[in-house]
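Here chain A shows up in two complexes: once beside chain B, once beside chain C.
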Partner chain A sequence: MATATASPQSRTFFSLFWRRLRRHKMAMAGLVVIVLLVLMAIFAPLIAPYDPTAQPTGEDVGQYYFNPPSREHLLGTDDLGRDVLSRIIYGSRISLLVGFAVAFSSVLLGTLMGTLAGYYAGRPLRFYLGPLRREKEGFHPWTFALWRVLSWFLYYGALYLVLSIAWALAEDGIRAGSLGSYLGFGLTLALVLWAAWYGLKGQIRLDLDVAISRLIDFMLTIPTLPLLLVLSALLRDPEVAVGRWAQGVFGDAASVFIIIFILVLFGWLGTARLVRGSILSLREQDYATAAQALGASDFRIMFRHLVPNTLAPIIVQATLQIGGAILTEAALSFLGFGIQPPVATWGNMLTNAQEYIFTAPWLALPPGFMIFITVLAFNYLGDGLRDALDPRSRL
Partner chain B sequence: MFAYTVRRLLQIIPLLFAASVVIYALLALQPGDPLDELRRQNPRMTAEQFEALKRAYGLDQPLHIRYFKWLSRALRGDLGYSRTYGIPAAEYIFVQRLPKTLILSGLALTLALVVAIPVGIFSAVRQYSLADYVITFLSFVGFSMPVFFLGILLLYFFAIWLPDHIPGFPRFPTGGVPGVLWEDVRSGAVSLWAFLGQWAWHLVLPVVTLASLQMAEWTRFMRASLLEVLSQDYIRTARAKGLSERVVLYKHALRNALIPIVTLVGLAIPGVLGGATITETIFSYPGMGRAIFDALVEKDYNVAMAALAFLALMTALFNLLADLAYALVDPRIRYS
Partner chain C sequence: MNGVLLEVKDLKKHFPIRGGVLSRVVGSVKAVDGVSFSIRKGEVLGLVGESGSGKTTVGRTVLRLIEPTGGRILFDGQDITELPREKLRPFRRRMQIIFQDPFSSLNPRMTVGDIIAEPLLIHGIGKTPKERTERVAELLKLVGLSPDHMRRYPHEFSGGQRQRIGIARALAVAPEFIVADEPVSALDVSIQAQVVNLLQDLKEELGLTLLFIAHDLAVVEYISDRVAVMYLGKVMELAPARELYRNPKHPYTEALLSAVPIPDPTVKRERIVLQGDIPSPINPPSGCVFRTRCRYALPECAQVVPELKEVAPGHYKACIRDDIL
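And now, the complex of A and B:
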C-alpha cells in the first residue's frame, strides 16, 4: 500500500487498518494461506490430476483400491480407487463454499435480529389489537390494517388448536367418567373462553427484544449436535418436501445446500447477541437522537446510523465463524450426516477414517490436515483483524 | 437474590416445554417410523396386523396427542422402553451410559482446567516473551484442530506408529473400555490398583483428545482475563504501596481474573453430561454421546427423547447456576 507512507492527513481508514493488520505476522500468513486455498478451489479442474469422482472400471478393479501414495497417485487412492489428491483439491471448493456461505448468511441474519432486538428493547410493538378495540391514534398504513385482521385469525386459530388438543387428550377419560379428565378439560375450556373474550377488546404488546432474546436462550438450551444430526437426516430425506425440492434444484449437491441451511439456523445466535449489546448502547448516543429529531425513519436510523458503527466486531465474528462452520461441516460429514458422497469434502473423506487408519493411513491424514490448516488460517486472520480494528489496542 | 432464583427457576419450565416440543416433533418427523423395521423383519404381516400394531404403539394418533401422552408419562417418571435393548430407557441412559461419560468427560474437564489456569497465568505474566508466543501458538493450534483429526492422529501415533518403530514403546489400546468390572474388584479377583491402572490406560488417549480444545480455549481466556485485570488502576495502587509482586499477582489480580472462568466452567458442564459423540466414536467408548447418536440412527426414540430432554434440563439448570455462582464470587454483581 503506497498510501501507508503518505502524510497523516491522507491516511484513509482502510490504509490505517491495512498498516495495522500487516504488522500481525500470523494474520498475514493466514491471509496468504486463505488466498492460496481460494485459488486452489477456483482452479481445481486445472490443478487436479484426475476426476475426483471417477472410479476405475474394467476387470480386476480391486488392484486400484487402497493404493498407497505413488508416482501416479501422489496421495494414493481410496476405498473405491479414486485419486485422493484430486478429491482433496475438489474438496476445498465445498469446504470454502460452506464456510463463506454460512458465515455470510449467519452474520446477515444475526445482525438483523440483533439490531431489531437492541433498537426496540423496552419499546414494545403493538402485536395484536382486538377486533372491537377502538384505536386512539388516527392514521395507520394499510399494511397495519391487514396485519390486524390477520392477527385475529392467528389468535383465534391458536385458541381453537388448544381446545382441540385438550379435547383429544380428555376424550377417553370423559367417556370413562374420570374426574381428572373432566376437571382438566373444564379448566382449559374456561381459560380458552376467557382468552376469547379478552381478545375481543384487549391488546397484546410484544417487546421484540424479549422475544428475540428468549428465542436465543431457547435455541442455546437445545443440545446442538444431536439436533444438527436430526435436522440433517430429516431434510435430506427425498420423501420430505424440503428434501425433494433440494434434490430437484441442486441434484447431487443438495446436501451441501442443506448443511449450509442448518448451520445458519444455529449460526446467527452469537452475532445477534453481540450486535444487540452494541446497538443498545449506540441508540442512546447523541447522533441517534439527532437523526430521530431530523425525522429519519426507524429503518434508516438502524441501518444507516447504528449498524455501520458495529461493523468491526461483526467482521471479526464473521471471519472466526468461517473456520467454525468448516469444522462443524467436517464433524457432521465425519459422522456420516453431512454432505453425501460422491461429492468430495474434507469431512466425508474422513468417514470411517478411524478404521482405515490401521491399514491405509494416507486416507485419514491429508483431509484432516487440510481442515486444520484452513481453520488455523481463519482463526489467525480473525485475531489479526480484531487487533487491527480495535482502536484501543496498541500495535 | 432469592426472588431472582425463583423467577429464573420458573422461567425454565416454559423453556423446557418448548425445547421438548421441538425435539419430539423433529424426532417424530424423521423419515421412516419405528414399525418399518418390524415389517421388514416379518414380511408375512398382514395389513390388519400392521394396523393393530400401530394402534398398540399409539402411532395412529396425531403428533400433538402423542407428545402430550409422552409428556404426562415422562412427568410421572416413566420414560418408556428402549426398543434396541429392551430395558427401560431411563436405566439405559442414567445407569449404563451416564457414569461412563462422567468419567471420560469429567476427567477431560479437570485436565483442561488444571493445565489451562497455570499456563494462562504464566503466559499473561510473561506477556510477549518467547514462552508466551509458544503458548499462544499452541492454543491456536488447539482450537483449530478438529477433534476427530486429533483423535485419529493420537490413535495412529500411540497405537500404531510409535510402537512399531520404537522397540519397547508401550502400545496404547485403540479404544473401548477395559474388560475388568467393578464387581471383580469387590469380589477380590482383581486388585483395586490393577483396576484403576487398566481404566487409566484406556482413558489416556480419549481424555487428552477431549481436553485439548477446552484447554486451548481456557488458556487463552485465562491469559486475556489476567491481562485485563493487570492493567487496572488498583493493581498499580497495590504496586505503588510496595506490595511484593507475588501478593499483587495472587491476592489482588488472580482472584478477580478467575471470576469469568467460573462462568465458563459452569457453562461447560452440560457439555460434559452430553458426552462427546466424536471422541466416543473414534475410541469406541460407550458414553452418552454415542448413545444419543446410536438412538438417532436406530430410531430408538424413547432413548433419544429421554437423553435429549435430560440434556436440555441440565443446560438450563447450569446456565442458572453459572449466573448465581458469578454473583456469589463477585460482590459487584447484584441480581434483582
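And now, the complex of A and C:
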C-alpha cells in the first residue's frame, strides 16, 4: 500500500483554511479592524482621554458644551460637555459585548434546536405516561412502577408549571380581555387538552421537528422591531413581575442583559433552520449509520459526528450575526429602548445627536461611522470565512 | 456442520409513501418482501441482485439499523426483532457492518485513531487511553495499514485505504458477524482484489461469519460459501456457490449469469437479455414478481406466489416451473 503523501502538518484543515482566508483581502482587513476594536474595548480606560460620563461643573459650564473638535477634545464635546472620543471608546465595549454575547448565545441555542429538529425529523419521540400505559416488554416490574409514579409527578408538575407561568404573565403583563389574554388562554387550554388526551392514551408522541420548526415559522412571522420595543419596555417596567425580576437579578447592568436576552430570543431562528437542514442531510451519511451500528447514543451521534460537520456554516452565521446584533442594539438604543444613558453606546449617542445634527454635526458622525465600520468588518470577515471554510473553493 | 448464527424468517420492510394534505399513507415501497435465510457460523452468504432489489435493505434490517415491518430476526438463537435499544447494545458488539462508499462512511472531522477507537469507547473495551491506542494500532496492522496513520484524517487516504479503515472500525469490537454491504463496488478493480482477499484472510483468521452483499457475481462466487439471488425484494434462488454458478435453476439466475463476461473472446454463448426494467416495488407484479420479464412465464405464474422450495440438496428456488433448466 502506498502511504499517504505530503506531511500531515501542511495539510491540516486549519492550515488550509488559514491560507485561503489570508488570500481574501477584505476579510483580512475586516479581521484587523475587529482586532483593533477589541483591543480598544479592553483597554478603554487607558486610551480614553476623559471619563466618558464626567460632566463639567462649576461656574460658566456653558463654555464646555458643544465644543467642536479641538486639540483638547479631538472629537469635540456633547450637549453636556462630555468628551465624544471617550464616549466612542467606551461605547465600543457595549457594542462588542452585545455583539459577541448575542451571536454566541443565539448560535449555541440555534445549533441545539436545529440539531434536535433535524435529527429527530420523521422520528417522533414516544413517552409512555399516564394510568393506561400498557406494560411493555423488557421492563422490570419495579422499574415500571417507579417510572409510573415518577411520570405522574413529571407530567402534572410540568402542567402546573406551565399554568402558573401563564397565569403570572396574564395577571401582570397582559390585561384581562385583551387579545393577548385570549391567545394565552387558548394556548394553555390546547396544551392541557393535548397532554390530557395523550396522557389518557398512555403515550405522548413528541415530534421535536414539528414542535421546533413550527415555532421558528411562527416567530419569523412576528415583526421583530415593534415586539422588541414592547418586550424591552415590559422587562424594564418595575410594575411588571418580569421587569422586577430582571432588575433584581442584573441590577444596574439590567439594560445590557435585557438587550442581549431580547436579541437572542429572535436571533437563534436563522441558525436553527440552517443547522436543521444540514443535519437532515448529514444524518443519512454512512458514518452516522456506522455510529448507530456501533451502538452509539443519539447524543453521541448528534454532537460528536453531525454537529462538527456543520461547523463551517455555523461559524459564518455567528460572524454575520455579530454585525447584525450590533446594528439592532444601536437601533434599539437610538429609539430609546436599549441601553439607557448615562452609559455611552453608539446607538444612544446617535439619539442625542439627532437634535443637533445641523448645529453640532461632530456628535452624529463618529458613532455612525463606528457602527458602519464595525458591521462592515464583521460582514467581510463572514464572507471570507464562508469561502475559506468551503472545501470546494480553491482560492 | 456448525450451528446457525443468524436466522431470518419472512423479513419484510415496506417504506410508507405519504401524500396529500394530511400526509396520509397512500402506498408503500416493498423493498424487502418476505425474505428468509439462515447463515451458519463461519459461513459466507453472498447476496446478489440488481439495483433496487433490496439487498442493502436486507443487510441493514438484519442489524436493526432499519426497523423491519414484519418477520423475525434471530441472532444466535435470540430474537432481536423487537429488542429495545438498550437491550440491543450487547448485540451491537457482536454484529457489525462495512459500507459501500469509503468516502461517506468515515467522519471527515475525526482522525483515523479516533474513528477506530470510538467503538472501544462506546463498549468500554480498554480502560485507559493507552490501552485503546494499543488496540487501535493492532487493528490498523491487522488490516494492512501502519499505526502511524492514526493521527491522520480520512481525506488523506485513498479509497482502498479508507475501506481498510472501515473494516478496522468494524473489527474493533471483535464481532462474530459482519454485513459487508457492497464493500468493493466503489473501488478500482485492482484494489477490489486486495480488499476481498483481506476480508477472506480476516474471515479465516478471526472465524467471522459474513453476509456479503454485492452485484458483482464473480466477486461473490469467489468469497461465498452459499449465494442467495434477490429480485424485487424476494429471494429467487439460494444454493451453494459452485452449484448456483454451474447449475442455475431459476430463470432469473440463468439470465444474470449469462451476463457475466467470460475472459475468452473465442467462447460463444447465448446471452439472455431481459426485456424492460425492473418493475416498481410500489406495485409489484402479482404472483411471481419476475414473470413480467421471464421467458418461461406461464399464465399460472400470475396466480400463485412461488415458494422457496428445495429442488436439490441445499438448493432452493422460487419458481413453479420444475420442467425447465
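Quick note on the criterion: the second predicted complex is superposed on the first by the 301 of 395 C-alpha atoms of A that agree within 3 Å, B and C clash if a C-alpha of one lies under 4 Å from a C-alpha of the other, contacts with A are read in each partner's own complex, and residues count from 1 in each chain.
The definition used in the following text is that contacts are C-beta pairs under 8 Å (C-beta built on N, C-alpha and C of every residue); 3 or more make two chains touch, one makes a residue touch a chain.
Note that this is a predicted model, so its numbers are computed, not measured.
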In the overlaid three-chain picture, which partner chain does A:L229 touch, first (chain B) or second (chain C), both, or neither? first
In the superposed arrangement, which partner chain does A:L46 touch: chain B (first), chain C (second), both, or neither? neither
Looking at chain A, does chain B or chain C touch a larger number of its residues? B
Touch check for A:H305: first (chain B), second (chain C), both, or neither? second
Where does A:L294 make contact in the superposed view: on chain B (first), on chain C (second), on both, or on neither? second
Regarding the shared-chain residue A:Q285, is it in contact with chain B (first), chain C (second), both, or neither? second
Of all residues in chain B, those that touch chain A in their complex: 15-16, 18-19, 22-23, 26-27, 29-31, 61-62, 64-65, 68-69, 137, 140-141, 143-149, 151-153, 155-156, 160, 174, 270, 274, 277-278, 281-282, 289, 292-293, 296, 304, 308, 311-312, 315-316, 319
Any idea which chain A residues touch chain C in the complex? 1-4, 6, 8, 11-13, 136-138, 285-287, 289-296, 300, 304-305, 308-309, 311
So, in the complex, the side of chain A touching chain B is made of residues 26, 165, 168-169, 214, 217-218, 220-223, 225-227, 229-231, 233-234, 237, 239-240, 323, 327, 330-331, 334-335, 350, 353-354, 357-358, 361, 364-365, 368-369, 371-372, 375-376, 379-380, 383
Residues of chain C touching chain A in the complex: 60, 63, 65, 82-84, 87-89, 92-93, 96-97, 99-101, 104-110, 118-119, 122-123, 144-146, 149, 151-153, 156-158, 160-161, 166, 169, 173
